[in-house]
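Next, two complexes with chain A in common: one pairs it with chain B, the other with chain C.
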Partner chain A sequence: MIVLKSSDGETFEIEEAVALQSQTIAHMVEDDCVENGIPLANVTGEILAKIIEYCKKHVEGGGGSEEELKIWDKEFIENIDQSTLFNLILAANYLNIKTLLDLTCQRVADMIS
Partner chain B sequence: MSQIFSFSGENDFYRRGVTYPNPKDVNLLLSLGSLVDCYFPPCKRSRVVAPSRYSAFEEKPVSIDVLPEECLFEIFRRLSGSQERTACASVSRHWLTLVTSIRQSELDVVPSSKTEDGEDCEGCLSRSLDGKKATDVRLAAIAVGTASRGGLGKLSIRGNDFTSKVSDLGLRSIARSCPSLRSVSLWNLSTITDNGLSEIAEGCSQLEKLDLNRCSMITDKGLVAIAKSCPNLTELTLETCLKIGDEGLQAVARSCPKLKSVSIKNCPLVRDQGIAALLSNTTSSLGKLKLQLLNVTDVSLAVVGHYGLSVTDLVLSGLSHVTEKGFWVMGNGVGLQKLNSLTITACQGVTDMGLESVGKGCPNMKMAVVSKCPLLSDNGLVSFAKASLSLESLQLVECHRVTQFGFFGSLLNCGTKLKAFSLVNCLGVRDLTTGLPASSHCIALRSLSIRNCPGFGDANLAALGKLCPLLEDVELYGLKGITESGFLHLLQNSLVKVNFSGCSNLTDRVISAISARNGWTLEVLNVDGCTQISDASLVAIAANCQILSDLDISKCAISDCGIQALASSDNLKLQILSMAGCSLVTDKSLPAIVRLGSTLLGLNLQQCRSISFSTVDFLVEQLYKCDILS
Partner chain C sequence: MNSKKMDIGSKDLISNLPEALIGHILSFLPTKDAALTSVLSKRWRHMLAFVPNLDFDDEDYEDYNRYDMSPLKRLKMLTSFQVFVDRVLALQGNAPVNKFSLSCELGVEPSSVNRWLSNVLERGVLDLDLYVSLEDGYPLLLSQVLMSKTLVRLKVEGTTDFSTDVGEVFLPKLKTLYLDDLAFNDEGGAAFAKLTSGCHVLEELVMIDIVFYCDFFLVSNPTLKRLKVRLDFTDQKPNTVSFDTPNLVYLEFTDTVGAKYPKANFDSLVEANLDLRMRHYQDEDEPAGDSEDSTNLIMEIYNVKILYLSGATLEVLALCCKAIPIFSNLIRLTIDTHEEVQWEFLPKLLENCPNLETLVFGVLSTIHCKPWEDTRTCLSSSPVKMLKSEPADDSVDATNLFMGICNVEILYLSGATLEILASCCKAIPVFTNLIHLNINTHGNIQWKSLPKLLVNCPNLETLVLEGLNYIGTIHCKPWEDTRTCLSSSPVKMLKVLRFGQINLLEKVDVIDKQKEVIKYLLETMPNLEQVMIYYDTSFDDDPSILSTELQMLEKVASPKCKIQVISANIRFS
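On to the complex of A and B.
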């Protein structure tokens, strides 16, 4: 289990498989600096919660078919407001979660259309 | 106090907003200074936030501005259409730069080459930026704007030399957003470097024409990049690019098999190696070659002579290191079989032997211009004319060693195809003192032009009249030595175009005679600056000339009577009439000009001091089909 600490002091305990979707965290795990939890100074608790929700759903296999996953993604991204969206982009960029970054940026691109 | 501030409502002095119907009254009040005991705040309108497309962003605590460039990049590359891309590009310079820096390969949705109307035109647009308008921002705007409307095909940027605001960033925008760019022309841009050119090379692989002029920071590296990535290059023009040398040319030669036209001027680092590489690698395609003001030697000319199998147009100008040997070898190397047009200017190596050798070595040469070659003498000219069997047009400019013997000798000895001969500014040509053999004719010559050769006189014209019976097109420009009798020798010809500008001894008698003899053939008559020509000539022209369409009587001593004579002619249908500087023509000619104007397409009334502005205005209005200069 890996502990993530947000910038406002909240802690989240998640399985390694879930956390490893973030390349940044994956590198930290490799470098073995996860004893006291990983501090994420750039991410607030609210955003981190959303990210963890996303990652849990997208853990290997996804727990459902591809179609279901797409529907879930669509719902996930459509139900958030703009500031959350931008914060998610920032966080996905920082944590280096490619699929989340794709999803969020595509959402903004679609919004501009 | 309240009586002074008599507005409706409160007695309160302190107010926001406009309190006086006339804002000028405020000054009056404020000027009272300490006498007035009230506080009057500055009248400021409340700020209105204009509703923008992204107004939602501005009100929220977190806006899109927090996103770093890489995130914005990710968003922009996923934009689905050109309209959206244009909209984003219009937000700010920062966004403009970002949007245009996305490569075509990085875009999620590849833009179609069809325009909004569905027409298929890739790279059909052409843009040009000059002077102050040449900036990076405009280039980026062009990049975005043309992408959805068919794509940019041709781009031309003319900078201001030292103050140019175009840099590699601008070129990068164009390169990444305009893959269909085919022709690039960069002049006077000292701020662009090899990086910019490399970007263009990478992004615009369909490039066909490259023109660099005074781009002092571009080196071989840039040219090599273009060569590697643009195999379709057909035209290369380099002028005053001080850092481009042989390496660049060698790369172009190796990688661009379709190269058709090369012009290199004033690039001091270009030497024989570069030219040799160019010619030996593009033997089958290179048609036009221009080498001007270069440090090349005889070796280059030898290579041209041997490998220029496809060369049709050759210009050699200002090659100061080339000697006689170079021209001799060029002529003797049997490569220039297809050479059609040769122009040699200011080359010391052009001697009699050199030129003769070139004449022999280029059997299909039709046009030759030899200019500013002080060593060429009569013998050389004659042997050149003899050797060039296909020659149709020969022009000699400022070759002062050539005399009248050379001139007539070449006419007598030239091939049967010589149709046009032109002498410009050849100070060595004087009048013949001896006669020519009686039976000699130069049967093919149709067009003769003698400009500013002060020694040319009547005897020469007499000889020409006999020698060239089929002469149609005569231009005697600025020949003040010719008198009336000289001109009259041309009467045995059927003249179509006659230009006697600046021949101050031309008289009415000549014009009358010529128009009488050539009434059915004369189409163009130019007597600009012939101050002795008067109304009598115009009367003769009006009576005789049936097909005259272009008449230039500028600075002649003509007056209203002459113009009226022209107008009263039934057969004359002039299309172009010039009477610039004829100060004796007055407003009285107006009806005549209007009558002439029924067929006129061009009318020149510049410096006609006796014609008033109102007359000119009237003419402009009446003769709407005619282009009037005044």
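On to the complex of A and C.
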């Protein structure tokens, strides 16, 4: 299990497989500096919770078929307000979660066009 | 741009993102839309530099009456497209570029195309997608393209003479090469050979509608995993086709048989898709002859697990192969029976598939012969577990087919096949092992065929009905005859797919009819443990209404049954 600490002091304990979807966290685990939990100074608790929700759904093998995942993603991304969306972009970028970053950026692109 | 969707506050939000992220967002838009943002402000002008994916299509500049256009107007349009591309590339400076996609039909100058290619190649492009179909031809693909140290994916489509003077080819990172509608004009075959040997990490090669002037066609590459080849049918097609691809996993190959296959190295092949066609001679006196021999090719794919054959390929197997191998690893065989098929060969093929698990046919139709007469023995000893088939036509006597597959565990039937089963079979076999039955009940089906089948499925556990729409009269309830058989049905799980789907011309009350079918099934099937109804309708009908109605049914035959109504968004239970 890995512990993540948001910028506003919330802690989240999640399975390693879920956390490893973030390349940033994966590197930290490799470098073995996760003893006392990982502080994420750039991510608030609210946003981190959303990210964890996404990562839990997308963990390898779980979550369902490709079709079901797409439907879930669609619902996930359509149900957040714009300010959360942008914060998610920044956080996904910082945490280096490619699929989430693409999902959120595509959403903004759709809104522009 | 639809500015109504983005309020002013959001524009600020975007602007506050770091430039690289803005560039990432813009790369999801077509380049011409992304470029429009450059008018927003000075800062936004620079954003284009951070858009790593570019696509330019001169069709966006195409007037509908192209051929009526005055030469001056045409020139203006071409010029503006060329200027646009030049400007965007200039704005990007030396920023790295990821993907560059260019589609030119109108008559852009080759020198411009080369200028743009030079630019992106220098900036380390990874993915190049070119469709260049110019009136005056595009003389030669820029040689720098074939020497790119960064390209991972290259797609070239359009009338390009890819041939005579192909210089050196060195594409050390290229994994995917896609060639469409090109000609290799050199008769020695050197150009193509250079191409395949200059790519040391190539994994996927696609060649469609390629004209080959050389006598022999050889694909030789040690790293290749996926290959798709569709040779163009010209007089100058190669006489021999050889494959030296020891790591190939997937092969898709279309050809008229006129070739010999002297060498076919497929040590690692897992899946093959073959469409081989007899060459039909115009002069009837000419015999098929020894020149048509596909034996070697077929023998060499003996290790595949999954095989897809077009109907025509069966004919080739029958007439042009001296022998076919034993396909000991084959577990899934699909035969596209869309066109006329030489059914006679099927038994022989199936005999050579001792471990086959899944057999898929297209249309089960035949005009003249009853193909199944010979198949009974082989099918009934076939280990096939799952049979899928598309609609059949009425003239088929499918008795032997169904007798032959009576050992299947999983069966997919179209509504029409169900009818065939009921009306064209002298006797329906007992499907002792059948545990999963899926029937496409969308459309006009004879419900009375269903009981006949269900009675013969003593161990059925799962029943899936795809679509409950039926064109019946409003008055008759066609499923009324099914009551007896259903009330002793062992089925535990019932799934209804595409509930609510109707044809556009029908009235809305059809949904009520579909509800009645479900209620009827719930009231008669005593062993149900789980019912799942997948709601799929374009109407604004509320699935929760259905869910509530079903939960409140009093006469449910199986009280412990759990009913779920699932729509694309939400699950009700």
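Simple rule for what comes next: the second predicted complex is superposed on the first by the 112 of 113 C-alpha atoms of A that agree within 3 Å, B and C clash if a C-alpha of one lies under 4 Å from a C-alpha of the other, contacts with A are read in each partner's own complex, and residues count from 1 in each chain.
Definition applied: a residue touches a chain if its C-beta (ideal position, glycine included) is under 8 Å from a C-beta of that chain, and two chains touch if they have at least 3 such contacts.
Please read these numbers as outputs of a predicted model, since none were measured by experiment.
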Between chain B and chain C, whom does A:A109 touch in the aligned arrangement: first, second, both, or neither? both
So in the superposed three-chain picture, is A:S83 touching just chain B, just chain C, both, or none of them (first/second/both/neither)? both
Taking the superposition as given, does A:I71 touch the first partner, chain B, the second, chain C, both, or neither? second
Just to be sure I read the superposition right, which of the two partners does A:T44 touch: chain B = first, chain C = second, or both, or neither? neither
Can you pull the chain A residues that chain B and chain C both touch? 82-83, 86, 89-90, 93, 101-102, 105-106, 108-110, 112-113
Partner chain A, residues of chain C touching it in the complex: 1-2, 5-6, 9-10, 13-14, 16-18, 21, 24-26, 28-29, 33, 37, 568-569
Chain A - residues contacting chain C, complex: 71, 75, 82-83, 86, 89-90, 93, 101-102, 105-106, 108-113
Under the touch definition given earlier, write down the residues of chain B that touch chain A in their complex. 56-57, 60-64, 66-68, 70-71, 74-76, 78-81, 84, 87-88
Considering the complex alone, what residue numbers of chain A touch chain B? 81-83, 86-87, 89-90, 93, 101-102, 105-106, 108-110, 112-113
